[in-house]
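In the part that follows, the structures are each spelled out as structure tokens.
What follows is chain A paired twice: with chain B in the first complex and chain C in the second.
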Partner chain A sequence: MRRMGIAFSASVAFAVGVLTLISLLLGDHPELYGNVAGAEIWAGLLALPAAVLLRLVTLTVAVTIVIGIVNLLHVHAGRGLRRQFYSIVMIASFAFTMYWYLTRQGDTSLLAAVQVPIESALAALLFLSMAQGGARVMKKRADIWGLLFVTVMVIVLLGTLPLPALAPLREWSDWLMDIPVGAGARAILLGIALGTVVAGVRILLGQDRSYRG
Partner chain B sequence: MSESAITLISFVATLMVFSYLLGDLPLVSSLYRTAVYIFIGMSAAFTLVATYEGVILPYLADIQDANTSWTALGNQADVTIFVTALLFGLLLLLKPIASLSWLTNSILAVLIVVGAATAVVGALTGTLFPLLHAITVVPEDITADFTALVNTVLIFLGTMSGLFYFQFQLRQGDDDSAGRSRVGYAVRSLGKIFVVTTLGAIYATTMLSMLTIFVERVGFLMRFGV
Partner chain C sequence: MPLDDTTVRVYSIIFVAITAVLIFTARFFHARRSRRSTGQGAAGFERMPGWIGQGIETGRPLHLGFGGAAIGSEKTPIAAAEAEFFYHIIRATQSSDSAPLISTSSAATVPLAQDTIRRAWQGDPQWKQAQWYPQGDRSIAYAAGVSAMMGVDEPAGHVLAGSFGPELALMLNSAEQLGQGTLAVSDQLDGGAVAFAMADEVLIGEQMFSAAAHLSTDTTALADARVSDVWRGLLIIGLSILLLINLSAQLASVSGTLVLAAALGLLVVSALLFRRS
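And now, the complex of A and B:
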């Protein structure tokens, strides 16, 4: 029974994945069919499965987000009943925000007063952690790569200072950002894209069955 | 909410988060945690509102109007898709029941493979093809300008060697002459130079963004304090 279940879900994954892939690649592109009669109709028909499946997945993900939030509230409500202070704060914060939304639609002052300052302050704290981490690089990794990392970091940081004495360094910094960093960023992006393609194809072929949980 | 109330609450919220810098003092450390839990509660509420208003509500409005259709299949098909999505979401709640795992796994499979297929097409058409095209384009004035030639060669070398550096699968016993030869090692080291340079620059620019926010927050505290 268990094997049947695995085979069923793998078959569903393969069929739906290949259908979506073909539909996304060939749908809505009548120019790919050359001079075939009714190319536009075929292209429109081929685009349909991807359109339907993407709608279905978008809606399902939205429903799962709602379920996830309900689960979060359920967990914290349980802790709140055991008088755990932070869980009560979290539930109260959620309830107040919902009340605010339902009674004052369109009023974003709560967002400006609480959400944005806390987010900004957390990002500001991140700066201090990053500065500390940057300073620790040479301590933890005192080799040529650590030195290169810190040197580039210092050049880019100093290059942004509006001091006339640092004008030559700014030129270096601009060149560094345009050429070596541009090349490295392209390599990283290409690596991510190739990794995405490989991981995606592995899932579509059923070699990677992460959905089994 | 009045402007002064917004400023006062912002001031208190910022101070609560910055109390983290004072370390693990009694009472003070709880201020930071309280701010974080307030943030989580509000984020959950805003996510719920955004999901409802941005995804579910427009779909609900559309299926109530017989004249509108998301797909060429018509309004009735839209209703079926909507109900199916709701059913999928609710069926996923049955995940803990082992005997029904074939059903929940199949729903998860649909979600994951549609995402994977979209990611594959996005990576191919949005990143791979445009970037490969960009690195093979030769500037028009390349023969006139020696610097442009050097820069173009550097970008090509950097991209290719950087890509070669990402070789993280080497099985024991594999005849991987390209990976273990001196040439392979040299190309990988060149690629590592470009990748480390890029990571250093990304780190620095992220630090600058965070520094801007930090200065803005400290400036706000000072202004309000004055």
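And now, the complex of A and C:
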């Protein structure tokens, strides 16, 4: 019975995946059909499944925010019962914000007064964390790559300073960012894109583990 | 010269079809072959057995983070690939008393995280093992939530594999201060740079898709990694040939035969290096 369930879910995933892919690639493009009679109608019909399914996905993803909120409350309610201070504050803040929003006709001033300053403060802290991390690179990676990383970082940082004495460094910094860093970034992005395609095709074909049970 | 939309679509169809054929072919051949190695000791994974062992001995969980990798967005394949990676990590921690914690900043990924724990963990997983911290890419709130969780749940180690931006620095810094090990990989360039500078172990770029192959004895994961390798090899060969053609056009004194010989030499060296790796 379990095997039948797995086969069924994999088949549904395969059928929907291939249908969506074909619909996205061939739909709404009558020029791909050459001189076939009624190409416009066929292209329009073929575009329909992708349009419907993608709209369904958008709706489903919007609904998952409720799953997230329930998960957040469930996790922190459990912790709150164990008297963990931050979780109690989280639950109390959630309840107060809901009360505020509902009793003041959708007033979002709490967001501007509390959330935004806190996030900004954390973003400033992020800069300190990154500077600290940069300083610790040679401790973590005492090899040629760590040294190269630190050297490039120092040249680029110094190159951004508006001092006339550092003008030659600015040229080095620009060259580093345009040529080696640009090439490396493209290579990494190409690798990620290829991996994404392989993983995507595996999901579309119903070969992902979540369909195999 | 840019390609027109129709040509791009035709190439896309061919590319996807060839990838599908390669996946099935690689899986067929790898299924017939016994597993060569478990990948233990592969770069980036040296310390993970230590964290798993420490977690088992002390009863502390392992923390696995998806970051902003979200189901239903263009990052769906990344979320699925990392779910596969996490599945094998969870399988390896079976002897522990504590089920691993999975965090995400995408609400849509919560069901995937819960499903991964349900399938991989033999014990009785509780739903709170998957934790959502709001919301989206580069979420500072997620970084703050995970940093707080590090102090409360005291995980033995952290595997942060998914979509992270500079906010990764906050989490890695907290883990460092608490003496907890970290492995990090991100699909975002700035997140990758932070991971390289601050994480104990780091994977770069497409290694996030082949990570499962390093941990499992499942031949399908290895087969999928091979398909990526094939495409990457073809891409490198194609780019090298284009570079040589461009070079020979600019230097009229260099003969076509010499360029061809250089290309063949490059191909042989690449094949030898690939086999050795």
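One rule holds for everything that comes next: the second predicted complex is superposed on the first by the 187 of 213 C-alpha atoms of A that agree within 3 Å, B and C clash if a C-alpha of one lies under 4 Å from a C-alpha of the other, contacts with A are read in each partner's own complex, and residues count from 1 in each chain.
To be clear about the criterion, contacts are C-beta pairs under 8 Å (C-beta built on N, C-alpha and C of every residue); 3 or more make two chains touch, one makes a residue touch a chain.
Computed from a predicted model, the values in this text were never measured in an experiment.
When the shared chain is aligned, chain B and chain C each come close enough to touch A:V57. In the superposed pair of complexes, A:L32 makes contact with chain C only, with no contact to chain B.
Judged by the touch definition given at the top, the superposed model places A:Q84 against chain C, while chain B stays out of reach. Contacts of A:L21 after superposition: both chain B and chain C are touched. Shared-chain residue A:V75: touches chain C; no touch with chain B. In the superposed model, A:L190 lies in contact with both chain B and chain C. Chain A is touched at more residues by one of its partners, and among chain B and chain C that partner is B.
In the superposed model, A:L163 makes contact with neither chain B nor chain C.
By the document's definition of touching, both partners, chain B and chain C, reach A:G134. In the superposition on chain A, A:Q207 makes contact with chain C only, while chain B stays out of contact range. Taken together, the two complexes place residues 21, 25, 57-58, 60-61, 64-67, 69, 72, 86, 119, 122-123, 125-126, 130, 134, 149, 185, 187-192, 194, 196-197, 199-201, 203-204, 209-210, 213 of chain A in contact with chain B and also with chain C. The touching residues of chain B, counted against chain A in their complex, run 1, 5-6, 9-11, 13-14, 16-18, 20-21, 30, 33-49, 51-52, 55-56, 59, 70-73, 77-78, 81-82, 84-86, 88-90, 92-93, 95, 101-102, 104-124, 127-128, 131-132, 134-135, 151, 154-163, 165-166, 191-208, 210-211, 213-214, 216-218. For chain C in complex with chain A, the residues that touch the partner chain are 5-6, 9-10, 12-13, 15-16, 19-20, 23, 27, 70-73, 76-78, 80-81, 83-84, 87, 106-108, 110-112, 115-116, 119, 127-128, 130-135, 140-141, 143-144, 148, 152, 166-167, 169-170, 172-173, 176, 187, 189, 192, 194, 196-200, 204-206, 208-210, 220, 224, 227-228, 231-232, 235.
Contact residues on chain A toward chain C in their complex (touch as defined above): 21, 25-26, 29, 31-32, 57-58, 60-61, 64-69, 71-72, 74-75, 78-79, 84, 86, 119, 122-123, 125-126, 129-130, 132-134, 136-137, 140-141, 149, 185, 187-192, 194-205, 207-210, 213.
In the complex of the two chains, the chain A residues touching chain B come out as 4-6, 8-10, 12-14, 16-17, 20-21, 24-25, 44, 48, 51-67, 69, 72-73, 85-87, 89-98, 101, 107, 109-128, 130-131, 134, 145, 148-154, 156-157, 160, 176-194, 196-197, 199-201, 203-204, 209-213.
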